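Here chain A shows up in two complexes: once beside chain B, once beside chain C.
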Partner chain A sequence: MEGYLRALFKNRISILSLIIILFVIGLAVFGPYFEKHDPLETHMAKMLRPPTAEFPFGTDALGRCVASRIIYGARTTLLAGLVAIAIGAVLGTFLGLVSGFYVGKVDNLIMRGLDVLLAFPYFLLAVVIVAALGPSLNSIMIAIGIWEMPYYARLVRGSVLSIKEKEYVEAARMVGEKDSSILMYYILPNCISPIIIMSTVYYAWAILMASTLSFLGLGVQPPAPEWGVMTAEGREYLLFAPYLLFFPALFVCLTASAFNFLGDALRDLLDPRLHMR
Partner chain B sequence: MKRETLQNQEILVDIKNLILNFNTNRGQITALDGIDLKLYKNESLGLVGETGCGKSITALSIMRLIPAPPGKIVQGEIFFDGKDLLKIPETEIRRIRGGKISMIFQEPSTSLNPVFKVGDQIIEAIQLHQKLGREKGKRKTVEMLEKVGMPDPKDIINRFPHELSGGMQQRIMIAIALSSNPKLLIADEPTTALDVTTQAQILDLIKDLKKDIISSMLLITHDLGIVAEICDRVAVMYTGNIIEHAELKTLFKSPLHPYTRGLLDAIPKMNAHKKELGFIPGTLPDLMKLPEGCKFNPRCPHQMEICLKKRPGLREVKEGHFVACHLYSK
Partner chain C sequence: MGLFQKRDMQRFIKILRFIFKRLFLMAVTIFILITLVFFTLSFMPVDPVSILCGPGATEESIKAVRKEFGLDDPAYIQYFRFLKNLIQGDLGFSWRSRQPVIVEIMSAIPYTVILAFAAMIIATLLGIITGIISAKKQFSLIDNISMGISLIGVSTPIFILALIFIYIFAYRLGWFPTSGSETLSHLILPSVCLGLFVAASIARLVRASMLDVLRQDYIRTARAKGLSELTVVFKHAFRNALIPILTIVGMQFGLLFGGSVITETVFAWPGLGRLIITSINFKDAPVLQGGVMFFAGGFTLINLIMDIFYQFIDPRIKIK
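Then we have the complex of A and B:
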C-alpha cells in the first residue's frame, strides 16, 4: 500500500489531480462556512460586476455572487456525480456478477439487454430518460446511473469470468459454499479493484454529464446554483461578462480532468502489465 | 492392514462402473471408462497414474463437481455411506462437501481467497458445517492450526495468504479440510507444488494426522514414493481405467500389469547397480484416438494378438489383487 502511494506521488499529473480534487471537495464541504454571500441573494445595485475583492468571481445578471454560487454548486455537482455512479456501480456490478457467473441463457439475456442500452447514443439515452422522469436533479442522477450501468456490468463480467476459474473458488465449492456466498465472499471482493479504478474515470464522466444536462435545462433548475446551470446563464452575457461563463466552465473542466487523470494514474499503477520498467 | 480385516471393514465409498464423457469441440472423450473402486473405512487408498488418466476427475465425481456441460456422467453409481451421491439433491451434496468429504489441493497458493485473512477463511469453513459462534469458531481455528503443526497460530490467523509460505498455506488448507471431522479426505496431489523439504514436512504431517484425525483418505498422486509412505492400498489408473489394484506391499513386490511394472522400474533405487533407469516407451495415447483392444497395447512389451482385439476387464488374479491384462487370463 505504501509503495503504491509513493509511486502515485512520484507522478506529477496525479499529484496535481489529487490536489485539485481535494480542493474541490474541500470547497464543497467547508466552503459554505467561509462564504459570506448567499448564492440566491440578489444585489440589484451590483449587477454584472467584474471580479472585485468583494465578489472574487464577479456577479451575474441578478447581482448574485458567482463565487458563492460556485461553492454551493460544487456540492450539487459532486453529489449528483456520486449518486449517479453509485446507481450505475451497484446495478452494473450486480448484473455483471450474475451474468459472468451463470453463463448461458441468463448471461445472454442480460448482456444483450445491456447491448441495447449501449447501442443508443449515450446523450440521447440520457435525454430520453430525463424526458420520461421530468427534468430535476434526481432524474439526471438516475439517467446517468443507467447510462453508466452497462460499462460497469461489462467490466465486472470480464473479471468474474476469469476469477471464477480460480482454484479458491473451486475450493470454496469443495467446502460446501452456496453460489450466493461464493459470489459475495470470493468473487466480488476479488474484482473490486478494477471497479474502484474505473469509478474515478466514470465519476468524471458523470460530473460532465450532469453539468451538460443541467446546461441544457434538463437537470437542476434555476435559480439553484449548479455549474452547468451557471454556464448556461453565463452564455447569454458572453460578450459583456465572459467571467460568468468562464469560472463555472473552468471548475467543471478542472474537476472532470482531475478525476480522469487520477483514474488513468491509478489504472497504470495497479496494472502489473504496465510495470515493465 | 491385513486383507482379512479389510473384508470385514465397512465400505465407505463404492464407485460402480462409472462412465464419464466430456464433449469437446473435437468430439467426445471418455474420461472415465467404467471405474470400479471401493474405499474401506479407516483405509488410505492411493490413486496413481499419469497426467490426464482421470485421477482428479474421479475425485471431482465423488464431490459431484464435474462441470456439466461439458462433462456428463453417462452411467454408474457412487455410493458414499450407503447413499448414491449422484442421486441426492444439491442441498444435501453441499452439506457433504466439506462436511463429510473434504479435499485438499495441489496448489495451496491459489486455493486460498487472497483478499481475506486466513483465520477468517478457516472460521467461515467451520461455521458452514458446525453451529459455532464467532468466539468458539476462533478457538476451534486456533486448535486446528495447532493440530496441523502451525507455529504461533494466534498470529497466523491475522495474516493474509500471500504472507505465508507454500508449506504454511498447505497446512491452512489441511486445517480447513479437517475442521469438520470429515469421514473421507481426498488429497489431490497435496505435495506436488511444494519444494522437496516442505513436501517431506507435509507428508509427515499427513502421516501424523492419519493416526488420530484422518479416518479414510483417497490420495491422488503420480508419485509412487508418496503412496509407499502413506497408503494401505493402491489403484493404478491408465486412460480412464483402473488397470491394477492391490494392497500396497503386494503391488510394490509383485506388480502384474506391464504398465505398473514400468512405473516401478522408472523409480531410481538407492541400492540398485543398474546404470540406466527403466522407462515406458511411447506416450499417453490421445483420448480421441484410443487404440483398439487394450489401451496400453502400443506401449506394452508383452503385446499379444488378443491385446489388439479385446479390451481386458479388471479381474481378481490373486486374492485381493486385481488386474486388467490378458497376460493373466486363463
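Then we have the complex of A and C:
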C-alpha cells in the first residue's frame, strides 16, 4: 500500500515537473509575443518598483521590466543548456562507443584522457575553458558541453560493454558487418534510452552551470537578459529590492528541480539499474 | 606465529605496490593536467603588455616588459620554461600585483582549507544522519520530505543559496556579517551554505547504500535474534554501510572544492577559489594558472589518499 502511495506520489511529482517544464518552455517560445515590455528598455522614472500590475515582477535598478527579462532569459537558458548537452552527448557518445567497443589500448587511452578531465573539481574545468575562450554565451555552451562529455562517455561505454556481448551483435559480426555499421546500427540504438534518461539530469546540471557561470560574470554578458546575470545585478539591491533576487532565483531552481525530479522518476521507471549516480 | 603473520606481510607489500603505482599514475595525471591548463590558457584573449604597462606606455618599457616576462618566445619554449620554474616552486609573477604567484596562492590556501573542512563536517553529519533516517523510515513522510528537500538542494545553485543566506541571516536578522574573513562569525554563513550544498548529495547517496545494506540477510538474522532495532541499525547495518558511505563522502570533495569557488566569491572569503575568479576578471593568467593547478592537484591528491585509505579499512577490496 505504501509502495503504491509512493508510486503515486512520485508520479504526481513527475507530472508536476512535466507541467513546470512545459510552462517554462512555453514561456520561452511564446512569452515574447505576449510581453509588451522590451527586456532592454529602461524606464528611468520607474526604477526599483516592487511588483505591480504594470510590471508583475517589478523593475530593476535601470527601470527594466523584470518579468520580460525573465521571459527572454528563459530562451537564453533553455537554449544554452540544449546546445551544451548536445555537444556533450555527441562527443561523449562517440568516445564511449569507441572505447567500449575496442577494449584495450584505445579504450585505455580514451578513459585515462577523460579521467584527466574528471580530475578537475566540479566546475573548475568549465571555468578554465571559459577563461580561455573569453566570457560569452558561446563559451559557456562549449565549456559545459566539454564538462559533461566524460559523464556521457562513461555512461555509453558501460552500455556498450554489456550490449556487445549480446547474440545479435555476434550474429552481425558473423555475417561480416563492418565495425562501423555494427556500432551505428546494432549498438548505438540500444544505448539511446539511457542517454535520453541521463540527458534529463544533465540538462538540469547544464542550466545550473550556465546560470552560475553567468552570475560570476563568465558567461552571458549584461545587459542581455539571463537568470544568472539578473541574480548578479539584483545582488546589489538585495536589501531594498529582494524580489530582484527572488524571481530569477525561483526560475533557475524551479526549472532545474523539474528536470532533476523528472530524470529521477524516469530512471526509476525505465531502468532501475541506473538508479543513483 | 608472531604478531605479524606472513599473510599480513604479503598484504602489506601488495598495498605498498598499489600505493606506488597510484602515485605514479597521479604524477602522470597532474603532469597532463598542468600541460592542458597551460595550453588552454595560452588561448586567453588577453594582451599581457597592456595589463603590465598600463595605457600610454612607451615603446621601450613595452619592450622591456615583453623581455622580462619572456612573452616573445614561442609557446613551447614558454611551456618548458614554465615547467622548469615549476619544479623549483616558481610559478611566475602576478601580472596584477607583481607578487610571486606562489605567495598569493600560499596565503589563500589556509582559508580554503578552513572553509572546506568546516563545510565537510557539516555536510557529513547532516548528510549521513538524514540519509540513515530516510533509509530506516523508507517511504514514510519524513523520507519523502527529506529526499524532496535534498533533490531541491541538488537543484539549487550554490550562489542562490548563498544570497538567500545573506538576505535572511545578514540583512534581515543581522546575526552574521555578509562578507569578509576577520572573525569566526565570518566563517559560519559560507561554511553552512557550502555544507548544505554538499549534504544534499551525501544524504541521497547514503540513503541508497543504507537501503542496500538493510535488505541483506545478516540484517534479517540480527532482527530474528531479537536484537533491538537501534542495535540492528547502528551496530549491524551502519557498520557495513560505512565503507560505501566513506566512498560517497570522499567523492564529494570535487563538489566541495568546486562549490567553494562560488561560496568564496559570494562571501568575499579570501581563499583559492576567489583568487581564481578574481584572476579571471583581471586577466591575470599566471595566478589563474597556478590557482587552477593547485586546486586540481590538491583534489587529485585527496582522491589518492581516499583510495589508499580504503585499502586499509576494507580487506575485501581487491588490489589489482
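Going forward, the second predicted complex is superposed on the first by the 261 of 277 C-alpha atoms of A that agree within 3 Å, B and C clash if a C-alpha of one lies under 4 Å from a C-alpha of the other, contacts with A are read in each partner's own complex, and residues count from 1 in each chain.
The rule is simple: contacts are C-beta pairs under 8 Å (C-beta built on N, C-alpha and C of every residue); 3 or more make two chains touch, one makes a residue touch a chain.
These numbers were taken from a predicted model, which means no experiment stands behind them.
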Worksheet item: Sharing chain A, do chain B and chain C clash or fit in the superposition?
Response: fit
Worksheet entry | Partner chain in contact with A:R235 - chain B first, chain C second, else both or neither | second
Discussion item. By the touch definition at the top of the document, which applies to A:L245: first (chain B), second (chain C), both, or neither?
Written reply: second
Item to complete: Determine, under the contact definition given at the top, whether A:Y168 touches first (chain B), second (chain C), both, or neither.
Response: first
Worksheet item: Counting only touches as set out at the top, which of chain B and chain C does A:S199 meet: first, second, both, neither?
Response: neither
Worksheet item: When the two structures are overlaid on chain A, which partner does A:G217 contact: first (chain B), second (chain C), both, or neither?
Response: second
Discussion item. Between chain B and chain C, whom does A:D115 touch in the aligned arrangement: first, second, both, or neither?
Written reply: second
Practice prompt. Considering only touches as defined above, state whether A:V127 meets chain B (first), chain C (second), both or neither.
Written response: second
Item to complete: Could you look at A:K178 and tell me whether it touches chain B, chain C, both or neither (first, second, both, neither)?
Response: first
Practice prompt. Mind telling me which of the two, chain B or chain C, contacts the most residues of chain A?
Written response: C
Practice prompt. Report the closest approach of chain B and chain C over their C-alpha atoms in the superposed model, as a whole number of Å.
Written response: 14
Worksheet item: Do any residues of chain A touch both chain B and chain C, and if so, which are they?
Response: none
Worksheet, complete the sentence: Given the complex, residues on chain B that touch chain A span 63, 65, 94-99, 102-103, 105, 107, 110-116, 124-125, 128-129, 173, 176-177
Worksheet item: Okay, in this complex, where on chain C does chain A touch?
Response: 29-30, 32-33, 36-37, 40-45, 139, 144, 148, 151-152, 154-160, 163-164, 166-167, 171, 204-205, 208, 253-259, 261-262, 265, 276-277, 280-281, 288, 292, 295-296, 299-300, 303
Response to the item:
Listed in rising order, the residues of chain A that touch chain B in the complex are 166-168, 170-178, 185-186, 189-190
Worksheet item: Okay, in this complex, where on chain A does chain C touch?
Response: 2-3, 5-6, 9, 13, 115-116, 119-124, 127-134, 204, 208, 211-212, 215-218, 228, 231, 235, 238-239, 242, 245, 249, 252-253, 256-257, 259-261, 264, 275-276
